[in-house]
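Dropping the structures in below, format is C-alpha cells.
Next, two complexes with subunit A in common: one pairs it with subunit B, the other with subunit C.
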Partner chain A sequence: MKNKIYLLSMVLGLFILLSACSDNSDSTSSDGEGEDEVTLDVIWFSDGNEGEVFKEITDKYTEENPNIKFNIIDTPYDDLMTRIRTRVSGGDAPDLARISGVNHVQEALLDLSPYLEDKQAFLDEFVDVAIPTVERGDKIIGIPTDVTAHGLFYNKEHFEQAGVEVPQSTEDVWNWEEFKQALTQVKENSDARFALAYDLSPSRYSTLIYQNGGSIFSDDQQSLVINNSESVEALEYFKDLHDQELIPSSIWLGGENPNSLFRSGQAAMHFSGNWNIQSYEENADFEWGVTYMPEGSQRSSVAGGKQIVGFNDSEHKDAVADFLLYFSSQEVNAEFVKESSFLSTRADNAELDYEVRSEEMKVFADELAVTSELPTLDWENPNMPSVETLITENVQKVLSGDIEPQEAMDELVDNVELEN
Partner chain B sequence: MTQNKKSQWLIYTILIILSVFMLFPVLWVLSSSLKSGTELFSWPPTIFPNDITFDNYISAFKEANFGRYLFNTVFVTIVATALTLIINTMSGYALAKFRFKGSTVILILFLSTLMIPLEALMIPMFVVLKTLGLYNSIWGIIIPPAATPTGVFLIRQYILSLPDEMIEAAKMDGANEWQVFMKVIIPLSAPVIATLTIFSVMWRWQDYIWPLIAISDTRLYTLELAIANFVGEYSVDWGPLLAMAVVTMVPMIIVFLFFQRFFVQGIMATGVKE
Partner chain C sequence: MKTRSWVPYAFLLPNMLIFGIFVGLPAIYGVYYSFTEWDGISSPVFIGLENFRHILTDPNFLDMLKRTFIYVVLVVPFTVISALGLAWLLTRKIKFANFFRTIFYLPVMISFIVIGLMWNWILQVDTGLINYLLSLISIDPINWLLDPVMANISVIIVTIWARVGFFMVIFIAGLQNISPTLYEAADIDGASDRVKFFKITFPMLKPITLLVIILSFIEFFKTFALVVSLTGGGPINSTKYYVQYTYDVGFNQGEFGVGSALSLILFIIMAVITLIQWKISDGGRV
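And then the complex of A and B:
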C-alpha cells in the first residue's frame, strides 16, 4: 500500500516539476520581446520546399526590420481552413496565411488598397490570370505569390519504345484526335500498362472544356453554361479516352493515385500540373519530360494559384501590409518562385532561369501564356466550391455509364442555385 | 499423443498464417520506410527493400525536428494520463457509491457530452481556452480533454460491481473516506484502471484535431501534427512520413505489451472497447 502512495506522490512531484519547467520557458520567451517587437503569426502549408524558401525570406526581412519576427505555423493542407476559421471566429486571427483561393475566408481578409499609392499600377505588375485571385470588387485582399499551370508529363522511355514523337514546339501541337492516336500507339507498343494518368480533379478536367472553347460559367459569371455543346463535347472526349482504356478508369472511379501510376512507370503520360516537377525530379528513376497539351479548337491550360493574405483582425496591420508588399516585389518574388520551382505571378518575372528543369518550366509558362483569363474567372467564382463537387460527381456518373454526357451536364445546371 | 501433436501443428500453422495476414500492413509500413524515394513507387512493388536506407529516418529526425515532437507527445501523454486517472477514478467512485440528490442527472449530463462531436464544440472550446490563457501552451492540450466522460463511465460501472459491504467493513475498522478510496477502491479497481490507462495513452497519443486547434507554435507540435504536415495540397512526402509513422508506433506497442493482460480483462469486464 505504501508503494501506491509513493507512486502517487512521485507522479504529483513530477507534475509540479514539469509545470515549473514549462512556466520558465514561457516567461523567458516573453521576456525576450521588447515593447516594439512584433511577431507575425503565419499559417503556412507546403507541397515541396517552399516553406524553407519562405523561412529564408522572412529571416532576411527580419534582418532589415529587426523588430518584426515571424512565427511560421506549418499546417496540413486539409486542415488549413479549419485552423484559420477557428482562429478567426475565436477572436485570435493570425496575421498572415498562405492559401489556395480566397473564397472561403474573404470577409476576414485585409484590404491592401489603402496601403497602395496607385492600385491599378500595383495590379498591372501581375499576369492577367493572377489578378482575379485577389481582386474582389474594389478591394485587393492579398497578393498572388505563384501560379500553377496544368500540363502534360511524359515518360521518354515509353515514347521511344513506341516510336512516337511528342510535339517539340508550339507549331506542332497535337489536336485531340492526334493526341488520342499517340496515346493508343504508346499503349500498344511500349511497356506502359496505361497510356494516360489523368488527375481526379474537377479543375484538371475543366482544362478540356477550355481547350474546346467552352466554359463553366457565362462571360458575365452570372449563370452556368457547362451544358453548352463545347463543354459537353469535352466530356464526350473524356469518356471516349476512358472507353478506349487509354485512361484507366480506376483513377476517376476507384480513387487510384495518378502520381503513383506515372512515378512507377505504369502510365506513359500524366495529365497534371507543374507542382509535380520537384517530386518527379527526386523520385522518378526514368527519363521524363513535359510536352504541350493538345488543342481542341484552341490551346488552353488552367491557371491555379496561391496567395498570401493578411487578416482584418490582425493587431499589426501596418507590418502585415509592409511585408506583403515586400514579398510581392520583383526581386523577392523571383527568389521565392525560382527556388521553389513555381511559376511567377509577376509579369516581369515571366522568364526566369530555374535551377531545376528549366526547359520543362518553360513549357508550363507557355501553357499559361496561351491561357485566357476565363478559366481563372470561372475558378474564382464564389459559387465554384459547390459547383466543383457536382462536376466531379456528374463526370463520374458519365464515366460509369449511368447517364449520357448531355443529360449529366443539364442535370448539373438544373441542380445548382447560384448565389451572388 | 501423435493425434494431439498433429492438431497442435494444424492450429499453429493456421495461427501463423493469420498473424502474418494481420501484421502485413504494419510490416509493409516498416519495409516501405526503409526504401528510397524511387523504390517506394517502383512497379511491381518489392516486399523487402532492395537497398536498405535510413535516409527517411535521418531526414525525419533532422528536418522535421522529430526529437522535439517526440518529447512533447510523451510529456502530454504521461501527464494527461496521470490527470485522467486521478480525476476519473475519483468521480467514478463518487458517482458509483455516494447517494446524493442529482447523481443520476450529473451522470447523464456527463454522458450527453459524448453525443456532441468535437467539431461542433471547437470554436466555443477555443474561446474558453484562450480566455483561460491556455492557448498555445502545452497545458492546453493536456487539461481540457483530461476528464473524459468515457473514462468516468468506465470506472463507475466497474466500481458499481464492488460490494458495498467492503466499504462498510473498512469504515467499521475506522478508515476515513480517503483511506477507503486509496486502500479499498483503488486496489480493487486495478484491472479497469489499467484499461483506462491504455485507452488514455492511446487517445492522447493519437489526438489530432484538438492539438491542431490549441497549438500554434511549431515547437509545441505533437507527432500526429508533425506527421500530417507531410501532406500538402498536391503531394505527400511519403518517405519521412512512413519513417515517422514507424517510430510513432513503437511506444504504443510497448505500452500494449506491458498492459495487454489487463487490456483483455478490462474489455471482458466492461464490454466497452473504444
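And then the complex of A and C:
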C-alpha cells in the first residue's frame, strides 16, 4: 500500500513538473470590462536599436487599445528562420514576426488583402523596390517596414592622408577604373593596411553585377543569366580587386570580419550598407563618411528589405491585421525608421530628417533612388535561397584561383534546377 | 518476501518519458520525414526513396563524406595517442601532476562556440594573434584559415586541443585500475619500461581504448559547433563536414526531407562503424 502511494505521488509529481514546463500563459482571458484581452507573440530581431523603438510603438498601441498586449521575443538573426519554422511546423505559430524576405515562410503568412478596402491604393503608398517583397500573386503577405541600401563607408583620415577626394555629388561619381585607382592611392599613401573591406555576402557581391548592367535572373525571372558577359565582367573586376590586394582575401576566403577591419582603422573603405550607421556612430573613433558607390555602365545599389508579417495560424487574425495596418501608417512608419536610422519603404516618407547622420542617410537614399526594380525581383525570386549559396561558393572558387570567372558562372547555371 | 517487479520501472519512468518525448518520438518522425518532401511549413508529401537517391547521386554529398572521413581518420588517432601519452605521463610520479591534469582538462569545460571563436581570433590571417606575433619576428603570415589544406589542419589542431583532456581523464582512470602487482611481477622478471608498456599497460587498457576510439569517432563525425564558429565551413566548403552539411540542407535550403534522410544515413554509418570496431576487438575483451 505504501509503495502505491509512493508511486502515485511520483507520477503526480512528474505530471506537475511537465505541466509547469508547458506554456500556461493563456492568451485569451476575460478582463473586467468583458472584452477579451489578447497577447500577440512577436518574433523580433534587431541589427541596432530598432527593438527599443518597436517596443515604444507597441506600448503606445496598447495605450490606445488596452485589450491588446505584446510579447516580444528577441531572437538573434541567425536563428530567426529556424525558430519561426519550428514554431509554425509545431502548430505553435507566432502572431507576428519581423523578417528579411518572405521566401522561406510565405505559405504560412496571413494575407492582408481581405482587410484592405483598396489593395492597389495601399500598395501605391510604398516605393517600387519594396512592393515585390510582400506581393505574392494577388496576396499581400506582409508590410514592408524599412529598406536597406548597399553603399560605401570611408575613413576620412585615410583619404586626407592620401590626398584622395571622394565624389561629393552624383555628378562626379567614380567609374570602376577611377574607383580602383583611388583605392590603390589610398592603400599606398595612408596608414590603411587595406583599401577596401567588402562584405562576404552574395547580395553585396551582386551590386557589381547590377552596376555593370547585368542581373542574376532573366527579366521574366524564369531563367538564370548570371553567366552573361556583364555579370562575368563584374566577377573579373571583383577578382582583380582581390588580386591587386586592394580587398583582403581573408574576408571572402577566411571569414575575417569586414566590420572589424574598417572599425579598427585597418581598411580605408567598407562596402556594406546603411544598417552599419548606428554601430559606426557609436564605435568608430575616427572621422568617417559615406560616399557614392562607383558606376559600371550604370549606378545601382541593391535594396534589401525588412517586413513585418502576420501568420495564418494566429488565433487573433483581426488584431494582427489591425496592428499591421497601424504600423504601416505614415506617422508610425516615420517614427520607426527615423529613430532606428532606416530608410523608409513609404513613398511619402522619402525625405525624413534623421537625428543621426542625416547627410549619410541621404547618400544611401540616393543610391536607392537610382536603383531599378530588377535587384529586388532577383532577390525575391523563390529560387534564390539555393542560388545564393552557389554564388558565394563559385565566387570563392574564382578568388582562390581554382577556376575562371566564365567557367564558374556557367557551372553555377548548369547546377541549378529552377523550380517554379 | 514478494518481489515487487514494477518498482524499478517506476523509477525508470521519468527518464523513459523524457527520453521518449524528446529523443524517441522526434527520431521516429525523422525517419518518416526522410521519405517525404517537406519544406518545414506545408504538409510533407511522401516520395519513397527519392531523397536517398538524390543524396547518393549528389557529387557534393560524396565530396563531403570523403572530407568528413579524412578529418575523422586524422583526428581520432592523434587524439587517442596524445590522450594516452598525457595520461601515462600524468600518472607517473612527477611534480605538479594534478596541476597539469587540470590545465589539460580546462578546454573541455569551455563551450565549442567559445573555443571556435577564440581560435578564430588567434588564427585570423590579417588580424590574428599568431600571425601578429610572427610578424614581430619578421616571419611571413601563415594562411591558417585561408587555404583549404591549412584550414583543415587548423580545425584538426583545435579539435585535439579542445578534446584531448576529456579522453585523457578516461585513460587516467583506466591506468589507475591496472593492478600494481602486475608491474611488480614484471620488475622481478627484469622487464624494461617498454616491455611493461606493451605487454601490460596496453593490453590492460584495451577495453578503455576501444571505448575512447568509439566515443571519439562518433563525436568527431558529428562535429559541428566548433567548426562552424572557427571556419564557418570555409574556405569554399573545405571544412564543411557532415552535420553542418545536413544543417545547411535542412535549415538554410529548407529541404527538411533531404535533411532527415541525411541524418538517417549518418545514423546508419555510425552504427555500422561501431559494430565493425566491436567485432574487430572481440567485444572489448582483454
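In the analysis below, the second predicted complex is superposed on the first by the 385 of 420 C-alpha atoms of A that agree within 3 Å, B and C clash if a C-alpha of one lies under 4 Å from a C-alpha of the other, contacts with A are read in each partner's own complex, and residues count from 1 in each chain.
Keep this in mind: a residue touches a chain if its C-beta (ideal position, glycine included) is under 8 Å from a C-beta of that chain, and two chains touch if they have at least 3 such contacts.
For clarity, every value in this text was computed on a predicted model and none was experimentally measured.
> When the two structures are overlaid on chain A, which partner does A:E107 contact: first (subunit B), second (subunit C), both, or neither?
So A:E107 only meets subunit C here.
> Touching A:G48, do we find subunit B (first), subunit C (second), both, or neither?
first
> Touching A:G254 in the superposition: subunit B (first), subunit C (second), both, neither?
second
> By the touch definition at the top of the document, which applies to A:T82: first (subunit B), second (subunit C), both, or neither?
both
> Determine, under the contact definition given at the top, whether A:Y292 touches first (subunit B), second (subunit C), both, or neither.
neither
> Is A:Q266 contacted by the first partner subunit B, the second partner subunit C, both or neither?
So A:Q266 meets both subunit B and subunit C here.
> Mind working out whether A:Q396 is in touch with subunit B, subunit C, both or neither, as first, second, both or neither?
second
> Tell me which of subunit B and subunit C touches more residues of subunit A.
B
> Mind working out whether A:N283 is in touch with subunit B, subunit C, both or neither, as first, second, both or neither?
After superposing on A, A:N283 lies in contact with subunit B but is clear of subunit C.
> Quick check on the output: what are the common subunit A residues between the subunit B footprint and the subunit C footprint?
11, 14, 18, 82, 86, 89, 260, 264, 266.
> Hey, which residues of subunit B end up touching subunit A in the complex?
Spelled out, the residues of subunit B in touch with subunit A are 37-38, 40-43, 75, 79, 82-83, 122-123, 126-127, 130, 135, 137-139, 182-183, 186-187, 209, 212-213, 216-218, 221, 225, 228-229, 231-235.
> Spell out the part of subunit A that touches subunit B in their complex, as residue ranges.
1, 4-5, 11, 14-15, 18-19, 22, 26, 41, 45-48, 71-79, 82-83, 86-87, 89-92, 94, 100, 259-260, 263-266, 273, 275-276, 279, 282-285
> Per the contact definition, I'd like the list of subunit A residues that touch subunit C in the complex.
3, 6-7, 10-11, 14, 18, 81-82, 85-86, 88-89, 104-105, 107-108, 193-194, 248-250, 253-256, 260-261, 264, 266, 385-386, 389, 393, 396-397, 400, 402
> Which subunit C residues qualify as touching subunit A in the complex?
Interface residues on subunit C, with respect to subunit A: 4, 6-7, 10, 13-14, 17, 39-42, 120, 124-127, 143-146, 148, 151, 231-232, 234-237, 248, 251-254.
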